[in-house]
Every structure is written in structure tokens, then in C-alpha cells.
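The structure appears below as C-alpha cells.
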Amino acid sequence: MSHQYTADYDAYAGKSAETRHLKPGELSTGTTIMAVQFDGGVVLCADSRVSTGSYVANRASDKIAQLHDHIWCCRSGSAADTQALTDYVRHFLSQLAVETGRLPEVKVAAHLMRRLCYQNKDNLMAGVIVGGWDPVCGGTVYNIPVGGACIPMPFALGGSGSTYIYGLVDAEYRENMTKDEALALVRKAVAHAMARDGSSGGIIRTLVATEEGNVRDYVSGNMLPYGPAGW
Amino acid sequence: MASSGSGYDLSSSTFSPDGRIFQIEYAAKAVENAGTALGLRCADGVVLAVEKPLVNRMLVARTTGGYTRSTSTRASRSRVSSATAGRSLTGRGRRRAITRRHHGTKIPPATLSSRISAYVHYFTLHGALRPFGASTLVAAYDTGTKRHSLHMIEPSGVCYEYYGAAAGRGRQPARTEMEKLVVNPSRVPEGGEMISVSEGVRQLAKIIHSLHDDAKDKPFELEMSWLCEGSGWKHEGVPREIIAGAVEWAKKEIENEGENDEEGDDDEDDEMEE
Amino acid sequence: MSLSLQSGGAASRALAPPSTARAIADQGNQMTTRPITTGTSVLGMKYRGGVMLAADTLVSYGSLAKYKNARRLLSINSRTLIGAGGEYSDLQSIADLLRGNALNDRCTADSLYEEDNNEECAGEVWSYLRAVMYQRRNRMNPLWNDVVVAGFRQNPDGTTTDSPFLGVVDKIGTAYEDDVLATGFGAYIALPLMREKYRPDMEEGEARALLEDCLRILFYRDCRALNRVQIAKVTMDGGVLVSEPYELDTYWDFKGFVTNKGEMGTDGGW
């Protein structure tokens, strides 16, 4: 038994610091994600790289997942964990919408996500941004980092790439931005993160959620506002 | 009553040959014999009023427990009849409301009411269960739509929304009286306006008092609560001095009407003669 | 790789034994996570006629100053306040728990009138929280917070006494009361300052000024502190009041700060 333990431990220690927290073979969306509120809605944005260690498992993934008609989330952390979480929240939200006969609030989606993340914090690796539009509060963004806190914010950043662009976003963000300004900001910021974070890359996907509906767009990997190359 | 079911009334899982479930009707009967409970949806809030009969003249007033309770800060309910059944029900409603609070918002009134009604209805389906001998009035404010509403759930599990709802002994005459008030937004007379909560308190006090026969009926306490703009859409007891004022006004009004009625009768007689 | 867990971010899974079988077997009985999203110090002080709490509004993610507008002072009922540092998600769940209890009390109260009912007083909230925190730590799954509870004690009949209450419960369930309290970094830096200036008969303005001074110094000397702060108080008849976050002015004009020290021929300073 002790022999086996040691053998396993050796196999485990062979992993790099980057992948040590993952289960064997688990994929991780080492990521840059972002969401910005504007008058009447939110903009969500994500890169498209999914990696295992330093291998790019998927270079055009979609990390923006729909939770309800006007409510979306950006996923970061373990791909498996965040997929399971979004599936649960989607399920509960649709039940709730049927029961109450009205559109669910973004707040409710965020609280459901928070509860799942908090109560299972020992077994999850998930940092999620929930954003969307609802008839009560309009455009709303909640950040739910690893550990399951839940914090409403005018804009949110997440994923490994976010650390490289806090300064940029702090400098460029203003209150009461228009939809187009918000879109330009998230594209620029995420492009810069992708240029410096090895675990972020590929294309930029954006989503605008408003009362009128959801508009998807993407910036191809060779048409980015900045990078991947640079100084 | 004892033999009215002729054997078909022993279980709520048994239909009588003419298609009735006696157990539910008996439960409704229990409510019909209890103190009156009224709810009125006014322009700026909802008022609840309960007549709490003091079953024994030696009972100390104010110790019989509240008939009106909060299920959360923005919803409340009044019950009629069987104290134990009502307590069990309010507990249930509260737990429902609190579960929902965990989702970060308040439960919508219609959802809370339909959950309670589903629960009450469940108790009419099993042979091993006894239907609730209680009607429940639910006054609530919807933080999402900014609207307030009044629902009533009966022992059968049926649940509707009302402008004015009544249960208990005096329900029939009370409904007749409430119909005279302007509580239905689609039937506001020209130049008139919907009744306000402060007027609602007075009217409900008047109805409860006018239905009460001091000579015949047991003494009672009047419990009133509201959930209105003035209370910040929180459910709270109507301040005691306001209730006292309303009762004083109601008694005077009843007295005056008594006199007017006599005069009125005379007038009618005159007309008849013509 | 995963997001960004440079400092303190890894969930406990990273610490779990490596063998899959072992990991599964141990999952029911794991050491809890390290704190991930953290707040820093909370200060508390009694004064004439009330109790005051103070804290900044920063929640850090490791060394990243991630949330700069997070409220760490919260009211529990109309006469009790808490303030907490440590894991922010745990603070949110403590607040949910205590506010849930308060709501439950309200809904099961005998009377419709608030003045007839008695809400939990600060001393009761504190004792309850002590039990919760101690039990959680004994299950090796602590709530990773130091919580300060402020308010008033109550008379046997439920009315509020005129003696203010200030107590703290830490992540292992240690609990004590005092006239001045500080948690986290504040216990080292602010507490001595507060003890030096404290008088039981301080006016509200004096108390607030002293707490603001302490917060300012914490901002200077605590890497996880911020100059955006909140102040909250419980008073005898005014109930609970929590301020909106506001910013403190800071001072950088000391002569020694302005003089350059790196020139040739100087010792270079430090």
C-alpha cells in the first residue's frame, strides 16, 4: 500500500506546477474572460484557447455559455467543472422561469452559481462571470471567483490572462459607456491578455445581451486589435 | 353533520356516489365556523384583518397567539380556523419563502401562493392525511414587478387572487360589504379613486364590528396588519392607535347607519304609498 | 493551465493525497481550502452611547487587489452589526446564516409589533457565532474569518440595555469581548494606537476620527489594505447605521519623504 502510494505520488509530482491541480487528463480553460455593463445590457468576451499543460487542446472553443434567454456566463478553470456548473444553473433557471412565468433575474442566476461553487468549493476549479439583462435591474454583471464569493461589479475580469490587463482596463474603463465603447474595450483588453498570457489565445468571441436579444461576434486570430506578436 | 356522509366521509381518498369528497367539505366547514378574516387590496397596499374570538371569557387577551404572520419581510398571511393546522401551514410557507431567499430575490407572490396551495391540495389526496382546516390569505409585494397582491388558499387547495377576500364565519356579508368599496382598478367610477390602506383599515374594522353581535357572539380581539407603501412594503402590524381610531370611527358609523336605516325605511314606506 | 491561482488560489484538491483512490476516500474528510478571496482588518470601539466598527472595502485575491468596493460591515438586525476579515465567501455565508436567523425570528415572533418582540441582541449573536465557528473548526472545515460583533446587551425582558457590546470570534472559535478590538493586521498596528487614545466617554466624533486615523495607518502599512473605507455604528436609540464606502485622504508630504536619497555621495537611504 505504501509502495503504491509512493508510486502514485511520483507520477503526480511529475506534473508541472501549472497542471498539478488538475485530475489526470483534465482540460483547463486557462483563460481570459471579461464582462462589462452598459446602459441597457452587458458585453461578455472571451478568448478561445483550451489547454492541457502547454498543449492547446482546442484553439477555437466557446467559453461564453447561455444560462437563459438574456443571461450568459463566461467560464474559466476546469472545463469539465464549469460545463457541469452551467448545466445545473441552466436547469434550475429554466425550472424557475416556468414556475414563476417570468424572466429570471441575473441576480438569481448568479446566486445559483454561487451556491454551487461555494458548497462544492473543495472539489471545484471554477471562476465564473455571470452577466446578462433582466427587466428588474437591466444589464448586470456578477463575478464568482474560485471559492464561491459573489460580487456584483460594473465590469469583471477573470481567468489567468486577466492579471496582465487589470492596469489597462482600470485606465480605459469609464462609467456609462455605450455598447460600442464597451465592445471596443473588451476586444482591446482581451487581445492584450492573449498576447502576454501563454494560456490564453486564439480568437476573441464577444456577446452582447440586451432586452432585444443577444448578438454574437468574433474577431479572428489574425485580425486582433493587438498581437499576438509585439515587442 | 355526523351522518351526512353515510360512510363516504371517512377518508379524503373516497368519492361519494354523487362525486363529492366529504372530508374536504368538512374541512371547509371548520373554516366557516371560525372567526372572520378579511383581506383588502388597496391602491397603495394590502390590509389584513382577523377577528380572533376569545373562546373563553376567562382567557387573557393578547395571549392567544397571532393569526397573522410574516413569511418573509415582504409577504404575510392570515389564517382562519384550526390553530394547529394554520401554524403548520405558515411554517411551511415561511420555509418556502426562505428557500427562495437563497436565490437572492424574494419569491413572487403568485409562486408562493401556488406552492402553498399545492401543499394544501396534497393533503386532500391521501387516505392517510387529513385536509387542512384552514384558509390562508396571502398579502405580498412583488419586488420584481413592484406590484402588491392578495391571494387566498382554501382547504381544498384552490387558490385565487382577489381584490377583497373573506373567510370564516362572516365571509358572506363581508364580501357583500367589500364589493361596495372601490378596490377593483377596472371598476373605478369616474372621478373616483381606489381606496387607500388607511381607509381600508377603517372599512375592515367597520365590517368586522358590524358583523359582530355583542349580545350573541363571543368577545373578540381585532388583529390588523398591512403591507404598504407607508410601511416600506414590509409586513407589520397596523399601529395600535390607528386601529383604535378606526374602531372608534367604525362604531360611530355603525350607530349612525342604524339610525339612518330607520329613517330610510320610513322613506321607502313613503315611496310605496305613492 | 488554470486561471490564475498564483497565490493562495488553489482549491484543496491540490493538497489532497495524489492517489485517486485515496483522494476519493479522503474527500469526505478534507482539510478546508486556504482562503482565496480575502478581506483584511476590522476595527471596533465602544464610545459614549454606542459602538463603532470600521473596515476598508478591499477584497484581495492573493496579492491582487481584486474587488475595491466590497462591503465587509453588515447589519444583522436592527441592533446588531458584524464586520469580518478573511475569506469573503465565508463572510457571505455567515451573513446569510445570521440574517436568515433574524428573519426566522421575525416571522415566528408572537406579536405583529416589533416593539413587543425581541430580536437577538449582539451578545446572543456573538455567542451563537462562537458555537458555529468552533464546531466548524472541530470538523476541520473552518469558516475562515475573524468576525467582530457590535451592538448592545439586553435586559432579561428583552429591552436594550445601555451597555454597549463589542466582541470578536476568530476562525478557531476563540471568542472574547473588549472595549477596543481589532482583527488581522489591525491587531498589530491599530490596536496599540486605539488603546493609547481610548476613553470610555469618547464622543462619536472623536471615536470616528480615531478609527479613521487607524484605517489610514493601516493603509500605509498593510499591503492588503485600501483607503476606501466604511464606518458603521450601533447606538442606543438610533439602531444600526452603515455608511456608504468613502475615501480617506492620505499624507505624503513629510520632509523625509520629499528629500531625495539616491544621489552620489549619500548613503542611499533605504
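Letters A, B and C mark the chains in the order given here, with residues in each chain numbered from 1 onward.
To be clear about the criterion, contacts are C-beta pairs under 8 Å (C-beta built on N, C-alpha and C of every residue); 3 or more make two chains touch, one makes a residue touch a chain.
The chain list, named the UniProt way, goes like this: A, C = Proteasome subunit beta; B = Proteasome subunit alpha type.
Note that this is a predicted model, so its numbers are computed, not measured.
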Going by the contact definition above, tell me which chain pair has the most C-beta pairs touching. A-C
Among all chains, whose Cα centre is located farthest from the one for chain B? A
Compute per-chain Cα centres, compare each with the mean of all protein Cα atoms, and return the closest chain. C
Whole-Å distance, C-alpha centre of chain A to that of chain C, is 29
CA centroid of chain B to CA centroid of chain C, Å: 45
Chain A and chain B, separation of their C-alpha mean positions in angstrom: 50
At least two partner chains per residue is the criterion; list those residues in chain C. none
Send over the residues of chain B in touch with two or more other chains. 102
Interfacial residue positions of chain B with respect to chain C in the complex: 65-66, 68-73, 94, 98, 101-102, 223, 225, 236-237, 240
Once bound in the complex, which stretches of chain C touch chain A? 1-6, 9-14, 17-20, 22, 27, 30, 32-33, 35-37, 59, 61, 64, 66-67, 69-70, 87-89, 92-93
Within their complex, state which residues of chain A touch chain B. 96, 99-102, 105, 107-108, 110-112, 115, 135-136
Across the complex, what residues on chain C touch chain B? 96, 100, 103-104, 106-114
Could you please specify the touching residues of chain A with respect to chain C in the complex? 4-5, 8-9, 11-13, 18-24, 28-31, 51, 53, 76-78, 114, 118, 121-125, 127, 143, 145-151, 153, 158-160, 162-163, 166, 198-199
